[in-house]
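Read the structure below first, then the notes.
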Amino acid sequence: MSVRVTTEAFDPGAETNAFLAGDQGAGAAVTFSGLVRSRPDDPITSLTLECYPDLAINQLSVLIDEAMARFELIAATIIHRYGTMTPGEPIVQVMTLAPHRAAAFAGAQFLMDYLKTDAPFWKLETSPAGSVWVAPRDDDDSARARWEEPALASI
Amino acid sequence: MSVRVTTEAFDPGAETNAFLAGDQGAGAAVTFSGLVRSRPDDPITSLTLECYPDLAINQLSVLIDEAMARFELIAATIIHRYGTMTPGEPIVQVMTLAPHRAAAFAGAQFLMDYLKTDAPFWKLETSPAGSVWVAPRDDDDSARARWEEPALASI
Amino acid sequence: MKILYFAWLRERLNRGEEQVSPPDSVATVADLIDWLAGRDEAFALAVAKRSLIRSAVDAKLVPHDTPIAGASVVAFFPPMTGG
Amino acid sequence: MKILYFAWLRERLNRGEEQVSPPDSVATVADLIDWLAGRDEAFALAVAKRSLIRSAVDAKLVPHDTPIAGASVVAFFPPMTGG
């Protein structure tokens, strides 16, 4: 398993292929790619992610260990970019490998749900009207809450 | 959206990148890749998928329309290979694009759950001991059943 | 009318397809299964457990009570194991 | 002791980090917030709603009642919006 926190752009497909190359007879792989969103009715110029890298690596490492154990994953990888990006660029990618699809899907969803609320990144959206810090979404808290168990209280 | 049923090998990462290139300001993309499984304690030599292509295209087209509408996806693609493959080779890939991750994940899981039971492919596993047709898994039926609604009775 | 067979059904019958001309009294998929079983013992054995046999008429998945009037291709196969 | 600030907290304070030397009576993260607020009105205003402020001690996310004895780096930041 691996965690990468970087200002470098990454190639989603190349990352998936590198991840799949480590396949050990596993049957199911899930890749989630989070891209800079821009809606036609509310376009943004750029998205800047601020990061506290030392804390991000610690948080994501605990999280990935938890996901590996909880869903009996064969492998898992988190790549999270920070800095300034334009619409369509990949921000984050989570990949899981498991013997069956249910575990691969659940592991990837678990990682994304925790990452949204527990990884030290902050989003600043820039549009022609100016820059605003993105507020946390209530449904991100509820998405995280569904996995809640005493074992995870420390994350 | 697109459906591809083919005997040709495909490149999972290249397919994901081609799919993401159609991104229209969407925020979330999920790729599920199903690979030929081979466990160390029960290794297989090859897996052969038999297919009824005309029916496969009809079934997968109905399924993808249903997923697009039900989860308000921006795009969805199913690639399903048939013929003879070796362990680690990709068999199937499902990709979804949505404004938010919950819809992208749900759409991909829905497509996979139906595909397992409702797409006309049959798996023949070959090992040193001979060849056996893979029996349907009970948990594939229950995975499919969780999406069951009158609207889907016809699939 | 063309009949297609897949997977272990194809193997047990030792053919992937055949042309048949059932009489007009053969109105549904179920009737066709009965009629084919009546003329071929291997088929009768292979489809003994009807719940294991799926069918398609002109490349549409259908239940066994579906009429076959005007159909060009009827396919029979075991439960699917895709993905 | 080094203090780090992120996101709108950093912007409102107009600095990303600073060195401070709190007295021994400052025992926990909460004490540190109070002590920093006492010496800097901008900080006091920015952290007025304490529930909006998250903290980390030596790159570990911690609740506000965590002791800071021996800590080298304490970070303050708004709720995270990763992913």
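Read from first to last, the chains carry the letters A, B, C and D; within each, the first residue is number 1.
Keep this in mind: a residue touches a chain if its C-beta (ideal position, glycine included) is under 8 Å from a C-beta of that chain, and two chains touch if they have at least 3 such contacts.
It should be emphasised that the depicted structure is a prediction, and the values quoted were computed from it without experimental measurement.
Student: Hey, what angle do you get rotating chain A onto chain B on C-alpha, to the nearest 5 degrees?
Tutor: In degrees, rounded to 5: 180.
Student: Between chain B and chain D, what is the gap in Å from one C-alpha centre to the other?
Tutor: 49
Student: Using CA atom averages as chain centres, what separation in Å is found between chain A and chain D?
Tutor: Chain centres of chain A and chain D, defined by C-alpha means, are spaced 26 Å apart.
Student: Specify, in ascending order, the residues of chain B that touch 2 or more different other chains.
Tutor: Answer for chain B, listing residues that touch two or more other chains: 34, 101, 112.
Student: Which positions in chain C touch two or more other chains at once?
Tutor: 83
Student: Pairwise, which chains touch?
Tutor: A-B, A-D, B-C
Student: Spell out the residues on chain B that touch chain C in their complex, using ranges where they run on.
Tutor: My answer: residues 34, 49-50, 52, 54-56, 58-59, 80, 91-92, 112, 115-124, 133-136, 155.
Student: So in the complex, which bits of chain C are touching chain B?
Tutor: Interface residues on the chain C side: 4, 6-8, 10, 56, 59-61, 75, 77-83.
Student: Provide the residue numbers of chain B that touch chain A in the complex, in ascending order.
Tutor: 11-17, 20, 23, 25-40, 43, 87-88, 90, 99, 101-102, 104-105, 108-109, 112, 139, 143
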